[in-house]
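Here the chain labels run A, B, C and D in written order, and each chain numbers its own residues starting at 1.
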Amino acid sequence: MQQRIGVFVCHCGSNIAATVDVKKVVEMLALEPGVVHAEDYQYMCSEVGQAKIAEAIKEKQLTGVVVCSCSPRMHETTFRKCAERAGLNPYMVEIANIREQVSWIHKDMEEATQKAVILGRAAIAKVSLNTPLKAGESRVTKRALVIGGGIAGIQTALDIADAGYEVDIVEKTPSIGGRMSQLDKTFPTLDCSACILTPKMVEASANEKITLYTYSEVEKVSGFVGDFTVDIRKKARSVDMSKCTGCGVCQEKCPNKKAPSEFNRGLNTRSAIYTPFAQAIPNVPVIDREHCTKFLTGKCGVCSKVCQAGAIDYEQQDEIITEKYGAIVVATGFDIIKLDNYGEYAYDQSPDVITSLELERIMNAAGPTKGHLERMSDHKAPKNMVFIQCVGSRCSDGRGKSYCSKICCMYTAKHAMLIRDKYPDVNVTVFYIDVRTPGKNFDEFYRRAVEDYHVNYIKGQVGKVTPEADGSLTVHGVDLIDNKQIKMKADMVVLAAAIEPNPDIRKIATMLTASIDTNNFLTEAHAKLRPVESPTAGIFLSGVTQGPKDIPETVSQAGAAAVKAIGLLAKDKLLTNPCTAQADIMACNGCSTCANVCPYGAISYEDKEVRGPGIREVRRVAVVNSALCQGCGACTVACPSGAMDLQGFSNRQIIAEVDAICR
Amino acid sequence: MSIGANEEFRPKIVAFCCNWCSYAGADLAGSSRLAYPADVKIIRVPCSCRVNPMFILRAFERGADGVILCGCHPGDCHYSTGNFYARRRMTMLFSMLDYIGVENGRTRVEWVSAAEGAKFSATMNDFVAKVTSLGKNVRLGDLRCKN
Amino acid sequence: MKYSYYPGCTLKNKAKDLDAYARASAEALGFELEEIEDWQCCGGVYPLGSDEIATKLSSVRALNAAKEKGQDLVTLCSACHHVIKRVNDDMKNVADIQFRANNYLKLDEPYTGETQVLHFLEVLRDRVGFDAIKEKVVKPFTGKKIGAYYGCLLLRPGKILEFDNPENPKIMEDFIRAIGGEPVIYPYRNECCGGYISLKEKELSKSMAGKIMDNAASFEADMLITACPLCLYNLNKSDAKTKLPVYYFTELLAEALGLKEEVQA
Amino acid sequence: MTKAEMQAEKIKEISGTDPYKCMKCGKCSASCPSFDEMDIKPHQFVSYVLNEDIEALANSKSLWKCLSCFACVERCPRDVKPGKIIDGARQLVVREKGGDYLKADEIPELLDEELPQQLLVSAFRRYRR
């Protein structure tokens, strides 16, 4: 059947029209075979623009529509819905991207117009070969998975559970709580971190809709939006969770107390059987098999002897739990970078050069120094403290991270203020490049540190920190405003080390097929309009996994991710992508090559009667399960007989595009 | 068709971009206004593994001077493994093309993520420069198209 | 094991002992330094101007000579090492310099950075091994507190020199342990001694070298070792409050191996 | 192009650095062992090039106080490498006729018994064409 195609060219205000001669594009494309209608309009995506398309479909009995506009990733759905409302199959719409690929990157009008015409022709060539497609349906498992049990994961899980859905949290460490549980106070109101976090942890643990898998990791993910299947590895705790009463005697009696405490950032040690901190949830210890004498030498077993509940189980094995989920939220959080590349700050050379996170532990009443501010080398109280900002942040030289870690300016102001408040005789100096305080009450907070607490802020980065023979440190800095080099004695130096996404995120992103950027932050579906969704349907982003953020931002993003997940879980059925593969049984000889390359197991084989000119036989042929097929097209290229084709991106369509471009 | 001595040679370049990473990377290059030559025309495919070697032969046959295939970084494929198939297929195809005289500089596979607008633009600038330096592709022209 | 060896100008004159101790120690440790024929002066400082070619050619000739013999190129003087290593990096990675240098030199086969440049200390660490040296030590520096002075040229820029962690190096400390001494780690060990500035700005370099020596002394070093004749000169001329003796590391190596008298004779 | 513009371009070319990358953190000046001897400080080199104030840079004492110790090059978080910029300016001066900072006839009085050859060679390279 001869197609009747309508072409609609958008000005996008001046975004397109300033560089592309829109009228000329209309004029040229109107000449293409099959085109029966061509027009342009200021904003095709507006109500008026869409009405024009609908009207043309009805009046001219269009069978295909080409919109020359912005990227299909922006408005393809808009125009497809518009076509559908006007009675045209939505898959008879193609977009020529003349904004991102033309007007925004080219300056010469003639050249840009010519390219726009060519892209329009390619879209026309493609739409001429489109066939109406109908989306299928798939079911939604009404259960969500949250990966990561920090404040982001906890908040997301609480919100999802609150809406009435089952939700599981998978946390790698023995307790939920995350980074926030390590913090002493929070800015800009100086709440005690534990006081506001612990209730949430308890709530998550008590909520009957929430299941916690601590000391567990996601091992395998398959399926797709609405119907993911996930294997979770519950690592052997060596403690029976159902028997343990959390009395803590085992930790007290454990003779091996030499393991570095992860929770206290290695500033002190813990027993081999341990809970990371007193408020841990669940309050069930874990045996660290790498440090446990029983596991190392076979001799010991003290914890087992003292445990009255009989909960110690040295034979316990890892367990794999397989569960189905409709939505997955990633909340894997962050760590601070390793400082190996920054030898000039002497972090490895002096115990009195510490990171901000270590300072949090030192300031905390439950920390290694019971909250007393003291040097780790000689446990003396410092008189002079220096804070260095941007250690590894804003570094484009390959040693650190190119981005701003965002939280350091504020937590440093917090540290400075708390120290000056509690120890007024300690001099506090902050070397900064810029003080960045966008946020409600943030700048006021920073100014309080200067004006009320007399913290000495010096503009200029530090070049080197040298540990001196007398045990002090010399900070070699600069005051750019005074234009003077500074050599300053300090007893402690605190480094605001850059934050980076949890290193596990690479592995997790690969399992989820979620896109990730060069800094290992997960990519959003749209940087502005869909900031908590991954481009991979059914995957949502919560917290620092998407980019640096502070606690209030994390909590609000966690809520937003929860709402998106709830929106998905609330549906009974999802429309599936109709652009799936299909085998031409006339050409298929059942060789199984396609099934071998299919990542979804969507292809099976059936004996079917094949009828054609001179053929009438029963043959083994490929059958695609369109509910499982995700439309990647791997099979279409692997098929040796050319029987496999992908609807919506058929061989003929792509060749037609190639031809149109090379014409 | 011959190129006049004074006429500046502008190559015809087809870029196949996977929907999830590279096409999004191209969009980011666009919204970040990172220019690359208009000679590049993008065809959107769901995955780099959708690109049949036939499409590339067809492009050269129809007068393309260079063909580039962009996909997600290895390990980051939206369909898990598609880009690995693409990589293997293209390695074979490109060496065959080189054998018959379509130089390796005219063909390329590049991994560009959705966040790498700058890399997309830099890659295209570099590829266009390379193809331009090689001049017109004369090896695979369809004789039936000639006058 | 044979290495091509580039001694450099100073080792043929004012720093003859740096060279002589190295050769004798090498022999005792089972490797040979084969001096490149007709080597030319490296220029002492790496030409920073990206448009300079002529000043890099002498290094390329030495590098190519080693390549033709199929040997790694060993250097001893910090300055020679710095210049030759960086020129080699240019020849490997900077297309323009590679093209122009080869154009000029007209070698049988173009040189594109194939030779591996090793400092004598790197040979000791990576090829011989400090543990193997320890076994051959007959006169250990037991109880001696020795400060390693690295200076700038061996360490920076770290990405190109790849000698050691440029801000917190340990190769010379490991060397000191190997010869039985006790390394003194002091933060100024990678600060600049003043370098070539001591020709015209004598006071400045005296004070810079003085800070280094005083810093080492505050950590109770008995002596300093260095690989660079210019560092040695500047340290000896310093205005330090506590004057420490400064030795070439090869002298201590030869002494530990029991070769010192032999070399001096 | 004015002379200053041309010279600024030349410095960028010789040094192979991009002054626009500088974020003005001052780590170069904090690291510089010659800071107190310099009239124009390391972190200011960039602004002089960007403002095309080459005359001042060329006449600055800093040209002859830089030790090429690469502390600023090593530590610059933005890969601007102020040490290479100042060397670019120094090259600009010594490549001009009469720009030599070290005259042959002043050498004898600078020498002493222990002075290594390396020092003369290095100083010649840095101070003269």
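A few remarks follow.
Rule of thumb we're sticking to: a residue touches a chain if its C-beta (ideal position, glycine included) is under 8 Å from a C-beta of that chain, and two chains touch if they have at least 3 such contacts.
Keep in mind that this is a model prediction, so the values were computed, not measured.
Chain pairs A-D and A-B differ in how many C-beta pairs are in contact, and the one with more is A-B. Taking the mean of the C-alpha atoms as each chain's centre, subunit B and subunit D sit 45 Å apart.
Rounded to whole angstrom, the centroid-to-centroid distance between subunit B and subunit C, based on C-alpha atoms, equals 49 Å. Subunit A and subunit B have CA centres that are 30 Å apart. The set of subunit D residues touching two or more other chains comprises 71. Looking at subunit B, one finds that none of its residues touch two or more other chains. Contacts with at least two other chains are made by residues 166-167 of subunit C.
Here, these are the chain pairs in contact: A-B, A-C, A-D, C-D. Subunit A meets subunit B in the complex at residues 71-73, 97, 99-102, 104-108, 111-112, 114-115, 118-119, 122, 506, 509-510, 513, 515-518, 523, 535-536, 579, 597, 599, 630-634, 636-638, 646, 649, 651, 654-655, 657-659, 661-663. On subunit A, the positions that touch subunit D within their shared complex are 344, 390, 394-400, 433, 459-464, 476-478, 480, 483, 485-486. Interface of subunit A with subunit C (complex): residues 340, 342-344, 346, 348-349, 398, 464, 466-470, 474. Residue ranges of subunit D in contact with subunit C, taken from their complex: 13-16, 33-34, 37, 64-65, 67-71, 73-74, 83-84, 87-88, 91, 101-102, 110, 114-127. By the touch rule above, subunit C contacts subunit A in their complex via residues 159, 165-168, 185-188, 215, 218-220.
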